[in-house]
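Below are structures written as structure tokens.
Two complexes follow with chain A in common, the first pairing it with chain B and the second with chain C.
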Partner chain A sequence: MSLTRTFASILHIPRPISGAWNRAWQHKGLFFGAVFTIFFIAVALLAPYLSPYDPYAQSLVDRRIGPIWHMWAGDDARASWAHVFGTDKFGRDYLTRLLYGARISLFIGVTAAVISGIIGSTLGLLAGYFGGRVDACISFLIQFRLSIPVILIALAVVALFGSSLKIVILVIGLLVWDRFAVVVRSATMQIRSMEYISAAQAIGCSVPHILFREILPNAFPAIIVIATIEMANAILLEAALSFLGLGVPAPLPSWGLMISEAKVELFFAPWMIVIPGACLFLLVLAINLLGDGMRDFTAALRKT
Partner chain B sequence: MSKVASIRNLQVRIPLQDRQTLAPVRGIDLDIDVGSTTCLVGESGSGKSMASMALLGLLPRTATATADSFNLVGRSFQSIDEKALASVRGKDIAMIFQEPMTSLNPVYTIGSQLEEVYLRHLDRDRRRARVRALELLERVGIGNAHARLSQYPHELSGGLRQRVMIAMALMCDPKLIIADEPTTALDVTTQLQVLELLREIQRDYGTSLLFITHDFGVVSHIADDVLVMYAGQIVESGPVATVLGDPAHPYTRALLDCVPIPHLRPRGSLLGSIPGVVPSLIGMPEHCSFSSRCSGARSLCVKHEAPQQYLDPSHWSRCHFQFPGNQAPLRT
Partner chain C sequence: MLLYISKRLTLALLVLLMVSIATFALTNVAIDPAVAIAGENASASDIEAVRKMYALDRPLSNQYVDWIGRTLSGDLGASYRMHRPVFEIMQERIQVTFALGAAALIFALVISIALGTLAGVFSNTWVDRIALSVAVVGQAMPSFWLALLLIYVFGVHLQWLPISGADSWQAFILPAIVLGYFVTPAMMRITRAGMIDAMESDFIRTARAKGLSRVSIVFKHAFRNAMVPVVALTAVQLGYMLGGSVVIETVFAMPGMGYLAWESISASDIPLIQAIVLVMAVLYVGLVMLADIINCLIDPRLRRGR
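== the complex of A and B ==
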């Protein structure tokens, strides 16, 4: 309790309604989501320090070494603590590739969420604030976007431009802004009827100022919640695209790509598909729990 | 006496889709003397808030305002809209809102919201803005002003927030403050303190005040002049003592009869009420708009609109039968 207080004062977080930190602590979903998300972020950031190997370095003599439990079972003489999850068919350390894979997943998740967040929030703000024809146009745009199948577009884009990390991020970021737009639009409609918006107009604030300095900060709780959910979505979408061969190109250690590469070895080395799958599952679950927790939490704060 | 506002025939219209038009404000004249307090009184839906928003150019997007002449803070305006009035809004004319709970943005500190007004209109020096904010917070009676500057709105009570709003209105030394029911949302003891504060501020700074309320208790406390508004028109206008002491329009009399304040009413009398509601904004009658609710309405009242008639040079009202002796047969 006192520790969180101290943190809050160091970070200059506005003093919350009393007991808020306490309640955040007790919300189990929020807690586990936050812990696991922070764990994955730490792993991604510290990957070069956690592993002595290069994720791209191939070694023909070290091909297809079994994971550590093969040493315990005595199945594989080469299995050892040197390669905890073994190596793949090119002799690359599997754990190292997993660690670096967290970087790619998180990077795609964050950048795609930021891009789609900027697009969606701007559209939502404009639609909610101006209403009328602007709203009708933007609502049409949202419907239009919802009618486009993302995978199909991704297929077409990759066929045209080839696949790269940049293209995957852009495809996801430019396509999944619809939820931001819908949520920010309704939040804006609610906020613009508040008197502090009239007060801002009365002191002579310009429209951009009112949109981005007065309304946007108040819509931020909703945006953050959507951002976490979209981040998880983007990570899954990237894995799906990579699995289909439309995502990031080899040899990048993306989890989706690792699953895709391991599927031919499913019956010989099932762990190679299970481990990145489990990582993907855990990361997406953690981010979703965090998002849900924050939604519950901000809703509870608003009630008090 | 010079005037801070002199407006002739202000009209607000809202066109509807089916070629009908709402007219929430139907030709009002507004004169506010420098340094005086004018109260605009009327029940909900009488158009008083619309009229005040028109002064700031902050009408809803679909509404349009017109006037024969529109002089504010010594300047004459040709058109009355958001753009035209942008130069005076916030600087020469400030506004205080009804709900202190929602009129401050919850994500910014009190200090930064106060400074914002100053930085926007006077100069870009943040330190001077802070000094001014501190000075005004102390002036409006907020103790420990320094600490308050870095607090957020949710940490302040309703009364304190309304004081902050008053300080914010004063940041640029406005010539006119429009207060739209600033005490309605406060509890009674706080109401009185805020009223006293507004009166002091007004006296010390020589600011004119346009005070919108439906509460005659408040009117008797603060007003110099009273305008009684009904269905988009001003039905009675005059100095506070005359209008409250010797009301000429039946609407004013009926409103006063609803006030539970002892010194405004005879002992032992029952509280009055006005039957019916304000006429719909669609299809406003051509004749006297109060005739449907007036206990003394006669045949003339449902034929013609009552002209503006002076009882004395400063007091007029819009009733056919405001002069004693000018009696016509009762409507049957």
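== the complex of A and C ==
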């Protein structure tokens, strides 16, 4: 990766650690990713204060109002600043639903990443620390997980058990732990041979203590990087499931669901697809850039 | 080597056994097949009759053994919804998916190898940055959204290409682009990394010292070595495309396996769901195994490791 390489070349000149924040600041991807991620988090948290409307309140008289640029073009007499992105076929304010949609995406991203992170990290720790048969079993589990097509299984499970936010989160969380397991396993293998682990073993620390107090904190930077990637993946997966009508159920303002609902109006109201999709794209892009940036950053710190 | 392949094959078979048990268990726990066959408005006695007729009143383990036996002998049962043998339906549908997969793979290979090679040869220049942004954008792009945008621009607005179905070769263009772009980032990154490694290696330095032309160095020497990891990754990416085809075929209403999967899942058509999950898992496991074996053939260091 070019950014890692530029970092490596910068780092040939010894610099004090305090320069680290400067470097993070100069890393454009990390900066962009952090700013946009914070922006989306702020939007999600402040949604009730940013919009006067209820995202579920339907209004028959306000159905299918055009967005603000229809007022400027003079196409739609009803378009006004009252509904910046217009309303949908139930008269719900589109911008409000978008704002609340950020909550759903972020909530699913975070919870799914936490669930898969706990499963994957635990498996990775056990496999890396004990090796031998434990490792063989867990490696088989990882192989098993890698051999099943995620979207298909997720679709089938959601269809079978009924669609709800809880099911979607559980399905995604239980399906995408493989990368955590692989990364934590190899990190644990490296850390296990370090002197401080031998020291901990020598003074008689218990296995859980060594695993969770000695090894886990040192594998944490790697876990955080994977967590951002999996968060982005979970958000995309939820959107795809909801788009196919087998994700979160109908009145919830999920961006994937909003695109799915607007699909039939592609010809008349393309913005109703373009805007939620752009939000989805920007959020996932921001989280990915944040993850990439943090990976470069921790790699650069380790080299100093 | 043979030992490795046989080990890998055993693993694949074990995985498939687990997938088949999981598929069977999940479908039978979540949906009562008797209710699904009899329909929503069926009375309790109708459901009981169906249960007797289809021998659904026996223990699940017996039913599983029966089912897997029939499946292995090629009898995949009949669709509840279409009242036709599952095997026949899948035979028709799988051709569309294979054609789409092939087209998407060609698109992905051309784009990722061209951009990846350029980015590797001219690393840290504007070419590299363009290639990197293509990858970064591709990773964040929701594929169904890209599909809808392309449909709007090329299908609705410009009216250049058909937006659904699989009746002409033109209908495959947009889906192939979307599905191909879906796997391009990973393939491009690995081409680029392989190219950079190759360009920095000793044999390239030797070739340079011999005074070979730049074109000959890049294409005859570096390129060949950079392609090694791409071959193995291609097999894995084909597997990913299989999953991606569920979304893409549904957006474009292409009558392939992916769309069939969505249709049958929406309609709780159990025999079809079971068969599709199994067939896709077999293809997927086969491709992942193929990738591992290719990797192992190429890189002798892996052979001893396992």
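In this section, the second predicted complex is superposed on the first by the 288 of 304 C-alpha atoms of A that agree within 3 Å, B and C clash if a C-alpha of one lies under 4 Å from a C-alpha of the other, contacts with A are read in each partner's own complex, and residues count from 1 in each chain.
Following the convention adopted for this analysis, a residue touches a chain if its C-beta (ideal position, glycine included) is under 8 Å from a C-beta of that chain, and two chains touch if they have at least 3 such contacts.
Please read all numbers here as calculations on a predicted model, not as lab measurements.
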item: Partner chain in contact with A:Met258 - chain B first, chain C second, else both or neither; value: neither
item: Which of chain B and chain C A:Ala222 touches, first, second, both or neither; value: neither
item: Partner chain in contact with A:Ala112 - chain B first, chain C second, else both or neither; value: neither
item: Contacts of A:Ala200 with chain B and chain C, given as first, second, both or neither; value: first
item: Partner chain(s) touched by A:Ala159 [first = chain B, second = chain C, both, neither]; value: second
item: Residue contacts with chain A in the superposition, chain B compared against chain C; value: C
item: First, second, both or neither for A:Leu244, with chain B first and chain C second; value: second
item: List of chain B residues in touch with chain A within their complex; value: 56, 58, 61, 86, 89-91, 94-95, 97-99, 102-108, 116-117, 120-121, 152, 154-155, 165, 168
item: Chain A - residues contacting chain B, complex; value: 14-15, 17, 132, 194-196, 198-205, 214, 217-218, 220
item: Sites on chain A touched by chain C in the complex; value: 1-2, 5-6, 140, 143-144, 146-153, 155-157, 159-161, 232, 236, 239-240, 243-246, 256, 259, 263, 266-267, 270, 273-274, 277, 280-282, 284-285, 288-289, 292
item: Residue numbers on chain C that touch chain A, as the complex places them; value: 11-12, 14-15, 18-19, 23, 26-27, 29-31, 123-124, 128-129, 132, 136-137, 139-145, 148-149, 151-152, 156, 189, 239, 242-244, 246-247, 250, 261-262, 265-266, 268, 273, 276-277, 280-281, 284-285, 288
